[in-house]
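Okay, so chain A shows up in both of these, paired with chain B first and chain C after.
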Partner chain A sequence: MSGQKEVIGRAMMDSAFFDEVRKTPGGEKLASCIQCGICSGSCTTSVGAEFNPRQVIELILLGLGNKALSTPSIWTCVFCRACTVRCPQGIDIPELMSSLRIMAVKRGALPREDRNLKFHESFWKILRANGRLNTFSLYTRVAGMQEIARTIPLGLRLLRKGRVAFRTPTMVHPEQLSSLTEIAKASEEASPR
Partner chain B sequence: MRRHRDVGMSNAEPRIGVFLCHCGGNIGNTVDIEKVRDTAAQFRFVKCAETNRYLCSSSGQDLIRSKIQEHGLERVVVGSCSPRMHLKTFRDLCSSQGINPYLVEMANLREQCSWTTLDKDNGTDKAIDIIAGAIGRTAYLEPLTPMEMKVNSNVAVIGGGVSGICASLELANQGYKVFMVERRPSIGGHMAQLSKTYPTLDCSLCILSPKLAETKGHPMIELMTNTEIAAIDGSAGAYSLTLSRRPRYVNENKCTGCGECAKVCPVEVADDFEEETARRKAIYLPFPQAVPNAYVLDEKNCTKCWLCIKACKHGAINPRDQASQKKIEAGAVIVATGFRVFDPSVLTQYSFGAHPNVVTNLQLERFIEHGIYRPSDRKTPRKIAWVLCVGSRDSQNGQPYCSKICCMAAVKEAVLLRELVPNLETWIFYTDLRAAGKGYEEFYARAKEDGVKFIRGRVAEVVPVSGDELMVRAEDTLLGVQLEKDFDLVVLCPAILPEAGTGELAERLGLHIGSDGFLLERHYKLRPVDSQNDGVFLSGCCLGPKDVRESVVEALSTASRTASLLGKGVVTLSPEKAYVISDRCDSCGKCVDVCPTRAIELLPSGATVKSISCAGCGLCVPVCPKDAIDLKNSTEPQLMAEIGGVAGATERETRPKIIAFAEGTSAYTACDLVGLARQQYPTNVRVIKVPSVGRLHARHLLAAFSQGADGVIMIEGEGTFLGEGRFRAHVNEIRKVITSKGIESLRVFATRTTIPQFAKLASVFQTFTERMQKLGPLPSDARSKIKQVAVAR
Partner chain C sequence: MRFSYYPGCASISIAREHDSSSRTISKLLGIELAELENWNCCGADSARSIDHFASVLLPARNLALAERDSLDLLVTCPGCYQVFSRTQQLCEADSTLRAKVNASLSSLGLTYSGKVRARHLLDVIVNDVGVAKISQGVKKQLASIKAVPYYGCQPAGFPKSSRFDDPQRPQALSKLIAAVGARPVAFPNATRCCGGPLFMTDPEAAGSMTKNILRSATDAGGQCIVTMCELCHFNLDARQSGIEKRYGEKYSIAIVHFTQLLGLALGMDSKTVGLDRNIVPFNLS
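Up next is the complex of A and B:
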């Protein structure tokens, strides 16, 4: 639930934004949303977020592009797909969140200081550099110093069991990494969004 | 200007009047009506051409009347809306002026022209072509007289729920003999299962059972339970139905309903009337007020121990009872087959079947009747939740439509239970609460005042938390927060579906099924209880979800529609029938083989058409090698003249020009619906109505090509006499001839459609036009080459 309430004026609404989102993956059936709330009732991660999935869709339907792209709520989705399995209108909400994230990155409309966003950024940075994930490095990038200090006992236990490693696992064919990133880049440029 | 086509009429020149309608701006905005009039006025035989703002208005009709007098008109062309709309209006009008109604032709300028385009220039050109076709055809029209047939005044009512019962009683009281056919062992339907009815809280069975008794005792009603329709034949006024009765093993007349048989019966099974909340014996009375009030033996579960025979003091049990068939004759049929409910166990998140305290609302109705308890420990529940839209408004996992009755049923149940159980918590989780209806909103307000809680949010999941308790999780969308609450009884309100077997029955009766699976009415607004088949009427939930009051309203409507069909004692039959030109017939019998209604007989004198059986589909016409059979009101010269007019009228050439032959009922209606939905398609496409694609011969397509068409589309309705296989074969046959004349096969396209699929036609027209644009116009040498071939006989 958003804490601060304000009047939504006509100037804030941009129907072009709605049309744009409709054309992105996940946006195909967006317009048929009946606001029943089964998505938000099923959502495991949006509790406490500024907007739940139903409200994010309502923002798009009203054309409130700035709000929809800059809210940290679009970064909370973990792709469990409980919402989509139950959605009576067949809206692919995780895919929609993904599209919104891409739009937000392209427009630089990212939220300030958001843990989920930081996670995504670090995740991809490590992956692009090494082709494999370094969980320790990922955690230290996302968590603050205090948090790290507090979780040292847990970290040691995980380390003993081999669930966390300082070392980045190596790729069998590291030379393929650059060609993979190139392909990804090319397809990104070729795609309309 | 316009070349004067020699239409080669043998008799004196027919005097044709052309009347064009603006329909306010409906036609006038995208068709230059005055220009169409000026062009039409120059056509041969046209003695006058007039326009009017609304031809169907009394001033418009006055205009037609006065022009008929002034010019001595013998035939009339009206360019306005679809003939489905006003053909009868204008036929009646001209008939009053002494013109045979079959000499009146309508040109569809609205649904199939002005409503499908925004381009006025091209719209006008298209309208001129349509009018030219209509004038061409009109010159060849022949006066026809409908035949009259004596009707059978019996009525067959299929389904003994509240709708079927009310329709039967209404007709029986008017003096019609009614056969009531019910599949189950008792009449009463779903209404017999309900506790009370909203919003008045009348006891459901208290108001229904007098009607059940009246049905049973009525001298004009013959009640047949345990019986289904096996076959049906005939047409409006003269149906013949074959009924098949399952054995009851109990003589209805001897059984007193004492119940001694059930006491000794050792078999116990779940009771379907009680929605499996109770058990019954293998020999049982469906419910205490059942009609007929006779026990019935459940063949599937009976062990044939026959203890019941010994127990029965009246000798009512007959172990040798057998299935039997019976034929009845009826002039009209009323279908009132009702509904079944969606199986909520499909939606696993609601734990139906996984936890005993999750029930459907029909089960709850039975609980209310017998004393409310929660199934897990049979104690009184303290907290009940209703989950609405279980399978309704759910295009992914259920049905896309709203089931309409669940909101009010849940509100009613909550109100009733609060009276029965003190301090009961009642929470209704809804998507949108729909309380539209007389007294419904007031009832909803009362429920709120009584203390029923309403949460706006579709329930996400029902999670078992202990032996008795369940946790309901949903978003309260009005707050935007997730809500979790424990209940000890969760009531699911499943979607309303058409009764099992509706599809098969529709096939037997020649009815249409809508995209939602329910039966389809003839016209959504104006003929809401007529089916596609004359003489078959539809009532109640077989048409869609509705409550008792609406089911009764429809029952009374069908009774009235039935009475107006049968009341006159005769029905008029369309004169649009096949006829044989006997001096050409060499008795080869090809027409006999293709006739879907077996209306053609081979007599020594040649083939003969039985007019009563002929459906007027015209499949027999193209197969005749001697051109010895033709169809009234769609004769060879009429069709050729219309093709000539549509294909070659306008001076400003439309390229590519496309002619779409549409089968007269479903496909033509679908074309109308495209316009009604204001879906745009290229004006290149002009529709010609034919009785069936099976009426067409390759020479009709050649005539179209030779006179200006660049492409031809053929559209057949689904469920017509030309089934899928024969349709494909017929089209291939035509295609073979067309390609042999040097025309690319790509220029011919054929498809089948149902009425609800109309939207696909707009895209068919669009893509086919684009294809023809790529292909370019038919080369003139190809056109002239086929010109010699394509002369009308």
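Up next is the complex of A and C:
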């Protein structure tokens, strides 16, 4: 117990992380969190996760930035907002989860082979290249060879049924989308929120 | 009733039958759809995990295209619908953000002012067309079918301003099921996540969520699960046999898009509503 106290004690002395998160979308009302846990009680995906939403917020309040950014728990959110419609303090937890993910990616808090990172970065790449998502292409980029081999029988069945397709319609001139996101990036860097 | 129609990426890949049945029933109910020209992916859960501004800008481009045509944007995927609602709300609350969005969109000759709204097809059918009109149009009685209304996890995020449904206790699917003469089953897990968004990143956790929905729907006595989300449908339908093997259980429960159920009731044959694409067969007898 004394060891744990010591860790938390040291972390609390550094409030820089907390201050940083407060300035990101979803972080505005963080200081008013009363740790009631209704977010966790409402959460439909964090049952087996390392930290539930209340605990993720607790990590931020305690200034445990490395832990908050490296835990896979910030990637289990499906943005359903069940937590936020009930939060008595009006904290936008899904928006907070997005901000933590963005920070985690920017700081390289996740190993290259991290599955969540691979999923969202692959999705993002396909989106920018085609303007639209092709699920089959996403799956083959995210799943390992063994896994793909295991799902071949199902895949063939889905192909026959027309439920997956190697090629799907893309945007005309998808490059207008990548130029748009480049503009977005540039303006973001020029005038951060 | 005329809308700009946003199919979304699921409708061009894993759920083409949802796209075709949405178009067919819309026509039948007098909802005119003009597909949004050269629409782009809304960014889903991924854009907002990588770049905040881009995650607002991507849906804004689609809304701006609809605005150019002065038509509300009709959406069938609840995930896309929530993404559009988020952009609407963020731009309404923050004029600086809206100005930044418009500065970027101007490179494409587009403007987003917030004039047009995203609407979900289920909302339009239940609230604009109305259940009374649906009941009148029923040609095939589905009275013997016990149907489980399953919304998936997204309704809590539907915008309050839309008055679409109660975010915590949605009723739209039950109303629709009753309107076509089938029997809606009381279902406590109607808004729990099916695991669909996580099945590529955390298959074990996702599988356990999928199992919970399938098992509790079967326990509730349902003969089919009626979905409003393309991803829920794919997840519960296509992955059902794998989940049965993994957990040593048997469900054999048909998963039906609400558009398919409605189409059948309105007199279309099963092929027209795309039931031939479903993996778990839906037997009407």
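The rule is simple: the second predicted complex is superposed on the first by the 168 of 193 C-alpha atoms of A that agree within 3 Å, B and C clash if a C-alpha of one lies under 4 Å from a C-alpha of the other, contacts with A are read in each partner's own complex, and residues count from 1 in each chain.
Everything that follows uses one rule, which is that contacts are C-beta pairs under 8 Å (C-beta built on N, C-alpha and C of every residue); 3 or more make two chains touch, one makes a residue touch a chain.
Everything quoted here is computed from the prediction, not taken from an experiment.
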item: Clash or fit, chain B versus chain C on superposed chain A; value: fit
item: Which of chain B and chain C A:124 touches, first, second, both or neither; value: second
item: Touched partner set for A:87, first chain B, second chain C, both or neither; value: first
item: Touched partner set for A:70, first chain B, second chain C, both or neither; value: neither
item: Which of chain B and chain C A:55 touches, first, second, both or neither; value: first
item: Touched partner set for A:78, first chain B, second chain C, both or neither; value: second
item: Which superposed partner A:138 touches (first chain B, second chain C, both, neither); value: second
item: Superposed model, chain A: greater residue contact from chain B or chain C; value: C
item: Chain B versus chain C as contact partner of A:169, first or second or both or neither; value: second
item: Which superposed partner A:34 touches (first chain B, second chain C, both, neither); value: first
item: After fitting on chain A: smallest Cα gap, chain B-chain C, Å; value: 5
item: Chain B/chain C common contact set on chain A; value: 47, 82, 86
item: Interfacial residue positions of chain A with respect to chain B in the complex; value: 1-2, 34-43, 47, 51-52, 54-55, 82, 86-90
item: Residues of chain A that touch chain C when the two form their complex; value: 25, 44-45, 47-49, 72, 75-76, 78-82, 84-86, 94, 98-99, 101-102, 105, 115-116, 119-121, 123-124, 127, 131-136, 138-139, 142-143, 154, 157-158, 161-165, 168-169, 171-174, 176-177, 179-181, 183-185, 187-188, 191, 193
item: Residues of chain B touching chain A in the complex; value: 349, 389, 393-398, 431-432, 456-461, 473-477, 479-483
item: Residues on chain C engaged by chain A in the complex (per definition of touch); value: 9-10, 12-17, 38-41, 43-55, 57-58, 61, 82, 100, 103-105, 107-108, 153-154, 156-157, 167-168, 191-193, 195, 197-198, 200-202, 205, 208-209, 234, 238-239, 241-242, 276-279
